[in-house]
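A, B and C label the chains in the order they appear, each numbered from 1.
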Amino acid sequence: MEPSLDIDPSVLSLVAELVGTAVFAASGASAAVGKRLDLFGVVVIGVICALGGGAIRDLLIDAKPLVLTDWRYPLVALVASLFVFRFHPALSRMRPMMLVLDAAGLALFTVVGTVKGLDFGFAVYAACIVGVLSGIGGGILRDVLVQEIPAVLREDFYAMAALIGAVIVGIGARWESVIGHWTLSLIAIATIFVVRLVAIRYRWEAPKPKF
Amino acid sequence: MEPSLDIDPSVLSLVAELVGTAVFAASGASAAVGKRLDLFGVVVIGVICALGGGAIRDLLIDAKPLVLTDWRYPLVALVASLFVFRFHPALSRMRPMMLVLDAAGLALFTVVGTVKGLDFGFAVYAACIVGVLSGIGGGILRDVLVQEIPAVLREDFYAMAALIGAVIVGIGARWESVIGHWTLSLIAIATIFVVRLVAIRYRWEAPKPKF
Amino acid sequence: MEPSLDIDPSVLSLVAELVGTAVFAASGASAAVGKRLDLFGVVVIGVICALGGGAIRDLLIDAKPLVLTDWRYPLVALVASLFVFRFHPALSRMRPMMLVLDAAGLALFTVVGTVKGLDFGFAVYAACIVGVLSGIGGGILRDVLVQEIPAVLREDFYAMAALIGAVIVGIGARWESVIGHWTLSLIAIATIFVVRLVAIRYRWEAPKPKF
């Protein structure tokens, strides 16, 4: 299928990652605005939230941190944070859209992280761990810095949605020659995205401990 | 001595580490249950608490993170977390036992970390730092995530017990050919374990700053 | 100019870094004393605050962590923490001096980190990120551990002062053969130091988000 699109797949991949970076930066900057931090605080939290998941991933698999080898990532994170700083009242009226974008960022980062883990020769289960940490790591850093219990630990089906997608990539990789790399990635991204949105919409709840 | 046991030492080492992993996962999961997190939150905290100390150790000494190369560690952490989620009321009546197990986990992880630091060619003082961080790292991550000041900073003789054991391994390594690797490790593990339990039992207190 | 001083530049660099280490350890220990932690808590926070920024830097650029290869760093951090534990009432009357020392630590660590990033072959923008994280990383870890929103996110012109100095090093490196490595470093260190102190003195404030 890909050849018929006549688009270089690596461009698609880059665009997907940059969109995820912008979305996570916006999410971090929004949290910082909510804590009444000033311009610098908003930018620092936005950038760490956008780039932290990928940095954790690259440290674990011993890759050069992407943020230090490609200037487009910090630039996009910076611009998205400044954008939120300036336009946050309008954005707060678009909270549903932010949730959709955040689900997209989670889906993109998890799948990219899992693929990168496999590419670096790790076992399927290990690549899944790396992928899930890529997807949820930035948000965990954001919440630790603004002194909240990480949302990923409170929001049902956040880490779980990421795990489902990572497992699809990990298991599917065995039949990648049949399915095709991009089809597989798209299926996994779509699954995380849909599971996350359905979980929000229908307020799926994970079991709580009984007392 | 070891040959007379007729047990492969690496099996002993593996069992010790897996017990430590299970104990720390249970400790993290218990903290998460106390914060009324749901199933996913309990599992994420349990796994991070169990595997975080080792991950910090491996990043510092530039080893491949054990959690990504041996599936038994995340599996044990997962199972222990689920076990706590299901049976926590019974476990909370066993709090003394949990303290004993936690002391065992601290002892095992600290000694394993120090030995690994020496094996990777670091100086004695550096291996001790690596060992102490292995022992206390998981608990620090747990407390930061559930928004508590880390217990290791509040509980007297926690980091100190670990440091004593790490120093025994580090200094003793010079006479390892005489003492034997396993005897030395067992002495250090027992020392941390006993110091920690005696400190709890007799409420040893470190000096507080004077105001 | 350097030869006329007849001092080995690497000695100057070492002294600068050790002063920065002591200052940040004192800053961490002071925060821990304020939280009424005991002796061990004060030492652990002091050491992590002093060595955390450098450890983050070395993990990102894949260098051996300096704290594990040179025993002088942890020793200085330990001694400075113990000193604060013992003499903190006198020190609290010297809060203005602590702010000056902290500004000096920020300046020294940021410039050393940026230079190390360039030495490891990273692009200018990446070396600046590494340098700023070296300067602010220890303080972030300190505040996360004692459960405060990191001061760097609240204090105006803290991260910004570091960034200005890092950029001076990064841009100036092109003309290093003309300016000289030490002159360039000193200009950057002085700039961070002065900007930070002026910002404190005149209460420079960064813009806040509008609500």
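The working rule: a residue touches a chain if its C-beta (ideal position, glycine included) is under 8 Å from a C-beta of that chain, and two chains touch if they have at least 3 such contacts.
Source: prediction; values computed, not measured.
Between chain B and chain C, two chains of identical sequence, the interface residue sets overlap only in part, with shared numbers making up under half of the total. Annotation, chain A versus chain B: rotation angle of 120 degrees from the Cα superposition, expressed as a multiple of 5. For the pair chain B and chain C, the distance between C-alpha centroids works out to 31 Å. Residue numbers of chain B whose C-beta contacts span two or more other chains: 59, 62, 144, 147. Put simply, chain A touches chain B in their complex at residues 59-62, 117, 122-123, 125-126, 129-130, 140, 144, 147-150, 152-154, 156-160, 205-211.
Taken together, the chain C residues at the contact with chain B in this complex read 32-33, 35-42, 44-45, 55, 59, 62, 64-65, 67-69, 71, 74, 85, 88-89, 144-147.
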